[in-house]
Amino acid sequence: MGIQTPNGFKLDNSGKRIVVDPVTRIEGHLRVEVNVDSDNVIRNAVSTGTMWRGIETILKGRDPRDAWAFTERICGVCTGTHALTSVRAVENALGIMIPDNANSIRNIMQLCLQVHDHLVHFYHLHALDWVDVVSALKADPKATSALAQSISSWPLSSPGYFKDLQIRLRKFVESGQLGPFKNGYWGHTAYKLPPEANLMAVAHYLEALDFQKEIVKIHTIYGGKNPHPNWLVGGVPCAINVDGTGAVGAINMERLNLVSSIIDRSLEFVQQVYLPDVAAIGSFYKDWLYGGGLSGKSVMSYGDIPENANDYSDKSLKLPRGVILNGNLNEVLPIDNGDPEQIQEFVVHSWYKYPDETRGLHPWDGVTEPNYQLGPNAKGTKTDIKAVDEGGKYSWIKAPRWRGNAVEVGPLARYIIGYAQNKPEFKEPTEKLLKTLGLPVTALFSTLGRTAARALECEWAAHELRYFQDKLVARIKAGDSSTANVDKWKPESWPKEAKGYGFTEAPRGALGHWIKIKDTKIDNYQCVVPTTWNGSPRDPKGNIGAFEASLMDTPMADPEKPLEILRTIHSFDPCLACSTHVMSPDGQEMAAVKVR
Amino acid sequence: MMDAAARRAESRIDDADLAALAGDVAGDHAVERPTLYVYEAPVRIAHWVSAFAIFTLMVTGYLIGSPLPTVSGEAYDTFVMGYIRFTHFAAGQVLAVSFLARIVWAFFGNAHSRQIFYIPVWSKQFWYEVFYEAAWYAFLVAKPKRYVGHNPLAQVGMFTGFTLFVAFMIITGFALYSEGTGIDSWQHKLFGWVFSIWPNSQDVHTWHHLGMWALVTFVIVHVYAAIREDIMSRQSMISSIVSGERQFRD
Amino acid sequence: MGAATETFYSVIRRQGITRRSFHKFCSLTATSLGLGPLAASRIANALETKPRIPVIWMHGLECTCCSESFIRSAHPLVKDAVLSMISLDYDDTIMAAAGHQAEAILEETRAKYKGQYILAVEGNPPLNEGGMFCIDGGKPFVEKLKLMAEDAMAIIAWGACASWGCVQAAKPNPTQATPIDKVITNKPIIKVPGCPPIAEVMTGVITYILTFGKLPELDRQGRPKMFYSQRIHDKCYRRSHFDAGQFVEEWDDESARKGYCLYKMGCKGPTTYNACSTVRWNGGVSFPIQSGHGCIGCSEDGFWDKGSFYDRLTTIKQFGIEKNADQIGMVAAGAVGAAVVAHAAVTAVKRLATKREDATQDT
């Protein structure tokens, strides 16, 4: 039996059901169930998000100026991006204009997150889907050195370096205590890299682990700490004082130099390690072009990194803004986050209740009333699910849709839209990489494409870091050291009622916050986050979301060892703490369940 | 140890006793009035020391919560907040010592010196008189009773408004002080348990701050009641806490 | 590099720990687990022969900021900690295995390393709905947590979530997220609060245990004294401006540019116990106050519910209406003052009336 979804996928849940729970190397908790046919090809995919914290409910009645700190704690991996979205939403609601320097510093912080998050995601959350750590023991250090030197001028590439590393790795493996590598899928036939490439990747896994902590120092300088740096409604908290009395207590020349040197080193690492690694790994996996899912059909990006302060128009935003539907790259549709007809959330397959579940609700009018129940065909009990029923309600994630369409968000979506808009900064590096690998443009619509777009974007972001740091210095040079606008700091200066929205492009994709303020307190707060878009369950029309779509038609070498599922799901960089909505205070009667 | 009834008997004086004590003055407009020595010197000293300390603590405490506008100049030669805090701590120590001394004196002094440290909750007669005094304040009875020490309502007021509130302020105050002196200090060893009740010391600050306002309201009532009683009641008030002697006017 | 096969015992011996105190550590551990002297020697034997202490790092309701912070550690490098000091056998965020391969590790650790592993907990269990707001491998997280705690040698509560409850436990705490010491009551728990804790504090606590062969000394609230016994305020480099009475009055004003004290902007440094002003963040680069924003008190109990982060005075919610101590106090004092004036007025009128009556009677 098979069902055709409106967005073009043929689902068949008659085959063997495979459950992966917990999905690890992600933020939060996720469960994936698939049905495979007799050839072990995935013919139906179901993703279930289950993590409940209630931040939006907790925000009600609080000071809007504090909201950034609460929403920042939605996620410690994409730390800061929720905070930025939140201060933008509050500023939008109250009509607060931020100084240009604040815009530059915020962009620097957001780009710093982009660079850091992409790098850590690739090496520490995703690489083990491509790299067989144990196989690295069989590598020839000399050949590894030759390989490394053939693809990059990165200095840590001598045979001795790889030999030392291999010895350390061998001791580690032989100790019998594999730590985080324990029970991995080593030796799985879906691993395609030769031992030398594996050894090189393991070396870079460790180098990246050392280096990533340097990148975030940019957050520490402008925001005081990382994870969870500090933000401010109306600007940024760090004052600039380059040559006056007490400059040591502010952003001064030494601080600017430190940021600068980190930017240089980050760009170097991305260009000499990350990108060559992705290209090298890609060259061994270029036959494995599964996992495209929605990317070849419908993608969306809100855009981000405004060139001009307070200007969030398509023209000002350096990351592209728009929607592509049904694979029509010739038309990029405009988005209005405030239009109640555009962004809507559905709950027909989510554990929530709407008065009319065939209709979606715009976030400003969002309702979050829990309603935990399993479909009639679910296996197990309410507190011990063996298998969910995707015909009924099956996830804590709502189903957001843009004009009724399921869309994919994230780096790949941004690159596809940038490509479609013929923006050279996105199109040229993409074409160059495709050419190196000898692949057509359609190869972008794949798991590998997602991984590659993330790497390309990491380099782009590192360049933009340099751009905005230089811009900041130029303005200071021109005599402007203002970083905050306090005209509307005091709640007495606010209107009785106000509403607004803020959006960013988080590393994982389009992120929006919607706020309603009443009597100087938060009246309603809703977040629609990237993993809600990507990990969404089905909608009333039966459209499947990006996670589910991406798993379709992927062959599995060994269903007991779901490496292919992990590989594709990881390529989205899921963040489950972000994606699961919040219940109302009376939500005690509900239960969330997830089981293997 | 005197039993409660005897103690009450001592503090409430019948007209007959007074007459016996002061001689027959009825119908005479002469100024000679019966007097009793009520507040012994240590009590009076403790009263005025506490009064000045509490006033100082209120002003400096308020300024710690809401500091004065920023002063200019280099940090090394200004110490505005430092002096305010020092004054607060010094006054706090003075209040604590005076409070302790006052407790000690309660064991040695006359019966009146013990009044503010307890409420005879077990005594029906006491509560009857509390309500009688309350009725007098509510203008429901025409004539108050006569007391040598605190009247029962005043005793309740003094016990809660002064003894309990001040004890609370001293305990929370020392606990907060121990944040600066460190967890190895005697202050922390003696008062650190406060942070077991409120693990976040910000709460202790808040309650300490609220305690100040409780004392402000106490002071308002205390001073008003003293002045009013001085005018309205049948015995002297304000001069008594200066001279120690209570004068009866009828 | 050779450290990879060193045993726990050889590491601590190299650090100058005597065999005697090593055995004391083992028997203390056995006692804390409620095990007999035989177990102590089993533990000792294990630590002498097993290369690295297994660490099970569990995630409840959290945001993964603690894990992110941990990997920022500069000394030791987290690479060295994970490869040479501990054996991080389970950590959902970075482990290679998933699904039942991951689950199997927990069972194996419990069986194989009874009383010999460290349980590190990031996040907390929600208790509403039987704990089913956070489910891990089909069971309520709280159940799994208790199970793994049962046989742990030591338990570390990472961050404000595990220690105090943090953001999901902020009012109205819809999931009834609960700090772990409220569900694991029979064992000492090392609380390492902060949102997140400083990376070097996290690795510092772990390496202290490994190096000195004992659990760190804890304060009244279960925090290691070495990092949490002083307020940020006590060691803040802006303290001199506080004492001088020099404050930032408004964001980005002259005082802000001169690095004056952030007290009036709501800085919670005076009530926050942490090492931020001394250890600082991310390899000592800065800390919130140095970068111009007040401390929000993220290592303190219930710091989310003390009113705005920008208010000096805490909001008090006990009175039904949200006000700070000054607002409540002024209203109370005002009301009492007004009542006194009214009472005095009535008294005066009555007295006048009585006098007139007396006068009338006299004539």
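Going in written order, the chains are labelled A, B and C, and every chain counts its residues from 1.
As a working rule, contacts are C-beta pairs under 8 Å (C-beta built on N, C-alpha and C of every residue); 3 or more make two chains touch, one makes a residue touch a chain.
Here the structure is a predicted model, which is why all the values come from computation and not from measurement.
Taking the definition of touch as given, a chain qualifies here only if it contacts chain A and chain C alike; none does.
When chain centres are taken as C-alpha averages, the shortest distance to the whole-protein C-alpha average belongs to C.
We define each chain's centre as the mean of its Cα atoms; on that basis chain A and chain C are separated by 28 Å. If you average the Cα atoms of chain A and of chain B, the two centres end up 63 Å apart. Each chain gets one centre point, the mean of its Cα atoms, and the points for chain B and chain C are 40 Å apart. The multi-chain contact residues of chain C, meaning those touching 2 or more other chains, are 260. In chain B, no residue touches two or more other chains.
Chain B contributes residues 65-73, 75-76, 78-82, 84-85, 137, 139, 179-180, 182-183, 192, 195-196, 199-203, 205-206, 209-210, 212-214, 216-217, 220-221, 224, 228, 231-232 to its touches with chain C in the complex. Listing the residues of chain C that touch chain B in their complex gives 164, 219-221, 225, 229-231, 234, 240-247, 249, 255, 260, 263-264, 268, 270-271, 297, 300-303, 306, 312-314, 316, 324-326, 328-330, 332-333, 336-337, 340, 343-344, 346-347, 350-351.
The part of chain C that touches chain A in the complex is made up of residues 1-2, 4-5, 50-52, 54, 59, 61-69, 71-74, 77-79, 82-83, 86-105, 126, 128-130, 132-139, 166-168, 170-175, 177, 195-196, 199, 238, 250-252, 256-260, 276, 281-283, 285-293, 296, 298, 304, 307-310. Residues of chain A touching chain C in their complex: 19-29, 50-55, 57-58, 62-63, 65-66, 69-70, 73-77, 79, 120, 124-125, 128, 133, 164, 167-168, 171-172, 174-185, 206, 209-210, 212-213, 216-217, 219-232, 234-241, 244-250, 258, 383-385, 481-484, 486, 489, 561-562, 566, 577, 582-585, 587-596.
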